[in-house]
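The following pair of complexes shares a single chain, subunit A, combined with subunit B in the former and subunit C in the latter.
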Partner chain A sequence: MNLNLDFQIREKDFVTLYGPSGSGKTTTLRILSGLTQPDTGFIKVNNEIWLDTEKKINLSVQKRKLGYVFQDYALFPNMSIKENLTFALEKGQKKNIIDELLETMELVQLKHLKPEKLSGGQKQRVAIARALVRQPKLLLLDEPFSSLDIEMRLKLQDFILRAHRLYRLTTILVSHDISEVYKVSNKMFVIENGTITKQGDPPSIFSSSLTSRKFQFVGEIVKIENENIVYIVSVLIGNNIAKIIATDQEIQGLQVGSKVLVASKAFNPILRKIE
Partner chain B sequence: MIDLEPFYLTLKLALTTTVILFAIGLPIAYWLAYSKFRLKAVVEVMVSLPLVLPPSVLGFYLLIAFSPENVLGKFFDQYLNTRLVFTFPGLVIASVIYSLPFMVQPLQSGFKTLPASLIEASYILGKSKFKTLCKILIPNMKASLLTGIVLSFAHTIGEFGVVLMIGGNIPNETKVVSVAIYDEVQSMNYHNANVYAGILFALTFIILLSVYLINHRFYKINSSN
Partner chain C sequence: MNVLQGEISEIKTEGSLSLVKVMVQNCVISSLVIDTPQSSDYLKTGHQINVVFKETEVILAKQLEGLISVQNKLNCIVEHIERGEVLSKISMDFHGLRIVSIITRNAADQLRIVEKENITALIKSTEVSLAPYD
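Entry: the complex of A and B
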């Protein structure tokens, strides 16, 4: 498959690369970070050229100052949590960032443990903290929540958002989870078969087929109950459960775990002849 | 009374060989594990040849190469003032070549079993290849390091053919235990041969047993998460 991309990201944007697996999302992150070399390409970050294959410019991985959170966390097993963070320090960098990050990511109690003792969500927080030690302006996240349960995922999304705002980051997230995309990002690129097929803000992309509406949310079905002739569908939206009534027809194709859009159109004014 | 000098010589040879092997085996294994060089297979074959070649073949070629009549031997003779045939330095070089696969292969597989993301994470944090090797890779492949070091050490102790071809049987210079046993048997001193053999047997048994016990512990630690 050929990967052929052309896009720009504004400073402090929270961007999601969305698409089916194998579409080239992770490869995009790897090319940005310099882990994978494209045949031809041009990357410019803050007026600094990272890659220009025509002029044979190719900044090494080490010199591209960015944070990268791997899908498998990639924590160093031989080091404690704190040592994992300290290892990331640059020469001459002040050490107080370490304590600050341990605090922000709620890792202070765990700092002397080795990664193997941590749960998935805790490991993920360490990975994020470690990626931020060098205070990069660009943070790349490769499906960071894919192996976590719903509750943990929601909590971690909050952590990421907190870090994104606190450290004024430009963040690029790879995800194929609609509710996640909705919650965290303000811009998204849909990548299919190696090219960008859609871009814009998440609500306009996911619901372009619907017309006017008053409110809308994306959530995940957690329960479906049968009440006589209708069904009560419990949908998890953010941290809240909303109970929605659905008919026999509407329930077709829905099951626990399905991603749904909960939307309501405005009440239509009624026009009636009154003589 | 039995002469203990061969034991001293054997241990000295095994120790020197292992130290040198570690120094050259680590870069070779690193290169073999990560290089994308096309003819890498040829190098791999060269490293592994001592596993299948009869020691006498290797010993024969080394004997020829080490001879002061030939380039390598001449070089050592003239510039380093060292004779390689029938001397201890010659034994060390021959042992290093002969035990090379026992150091390189465990290290190479150690490198390969580490997740690539560990290396990539370190590079992204701005760390050089060398720092990544020292601080991330080596500390996370202790079991492989131990296996490589101990196998090279034990294999050098057990060497016979190459040692005999290169070193001959010179007391206090090249007469290691394995050669001493052969020598005693040749002169019908079965008692001495028995003692030498028994000690060597016990020694290698203990060395290997400790490696396996320690490695089991490493795996237990690794699998307990």
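Entry: the complex of A and C
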């Protein structure tokens, strides 16, 4: 398969690369980071050329100012959490960023533990903190939450969003979780068979099949109850559970864990100010 | 979800709101949407479109007379009734298309709905969505 991409990302965007496995999403991150060499290519970040195969420019992995978080945490097992972060410091870099990151990612209590003592979600928080030690402007996330359960995933999405805003990052996430894409990113590229087939903001890409709906959300089914005549479907939308009445025909093919679009007309919701 | 195929026959716009009339089996179904022909490609007279509304938004009436503000009044024939303790599900034939209504069991009993009889399905324009063909 040929990977052939041409795209631009604005500063402070949170972008998702979305698409089936094997479509070239991870390879794209690897090329951006310098871990994989493309046959030909050009990468420019903030007026700095990282790659220009024509002019034989190719910045090394170390010189590209970015953070990279993988699906498996890739932490050093023999070092404590704090040591894992300290190890990532550049020569001469001030150490106060370590304490700040421990605080931001709520790792202060855990800083003296070895990675093996941590849960999957805690390990991934460490991996994110470590990726931010050199204060990169670009953060690459390769399906960082896919091995975690839904609750942990939601929590980590919040941490990522917090870091994205706090450190004014430009973030590129690889994900095929629709609700995740909706929640975190403001722009997405759909990559299929090595090319970008769609791009835009997540609502306009996912909701094309229900044109006149102005009141719609993407969520994940957490419970389906049969109530005679109708079903009550509980859907996790963001951090809230919504209950939706559905018919037997509507729930066909749906099960707990299914991603669904929840849509209504905009005319009946009630707005009320909360103090 | 009730889904009926139709064709847009008329669009009236004011500000960001449009009242869209769709011909379904020679009957007009109207839908109020927060879209305009300028903002949305699908809003064009002559366009094929699906009319979508929830079963629980379908009001039923028999021997309906007098004035009523509900714009969509569809003459149907009752095909099947399923009765629960609280709710009832009434499946109807609308010129060869299927429309389903879910109303309370009390309401169904009061209307004394029986199979094969004529019945009017009423749906407010604000509850009708428009969607392109899949």
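Methods note: the second predicted complex is superposed on the first by the 265 of 275 C-alpha atoms of A that agree within 3 Å, B and C clash if a C-alpha of one lies under 4 Å from a C-alpha of the other, contacts with A are read in each partner's own complex, and residues count from 1 in each chain.
The criterion applied here is as follows: a residue touches a chain if its C-beta (ideal position, glycine included) is under 8 Å from a C-beta of that chain, and two chains touch if they have at least 3 such contacts.
Treat the numbers as computed from the prediction; the structure is a model and nothing was measured.
Legend: residue contacts after superposition of the two complexes on their common chain; A:E116 is shown touching subunit B, with no touch to subunit C.
Once the two complexes are laid over each other on the shared chain, residue contacts for A:L66 go to subunit B alone; subunit C is not touched. Once the two complexes are overlaid on the shared chain, A:Y231 sits clear of subunit B and of subunit C alike.
By the touch criterion defined above, A:I245 lies against subunit C but remains apart from subunit B after alignment on the C-alpha atoms of chain A.
When the shared chain is aligned, subunit B comes close enough to touch A:S33, but subunit C does not.
Once the two complexes are laid over each other on the shared chain, residue contacts for A:P77 go to subunit B alone; subunit C is not touched.
Ranking subunit B and subunit C by residues of subunit A touched puts B first.
Comparing the two interfaces of subunit A, the one with subunit B and the one with subunit C have no residue in common. Those residues of subunit A lying in contact with subunit B across their complex are 33, 35, 61-68, 70-72, 74, 76-78, 87-88, 90, 116-117, 130-131, 133-134.
In the complex of the two chains, the subunit A residues touching subunit C come out as 208-214, 228-230, 245, 247, 249-250, 263, 265-268. Interface residues of subunit C facing subunit A in the complex, by the touch rule stated above, are 1, 31-35, 40, 42, 52, 55-56, 82, 84-89, 100, 102, 126-132, 134. Against subunit A, the residues of subunit B that register as touching in their complex are 115, 117-118, 120-128, 135-136, 139-140, 224-225.
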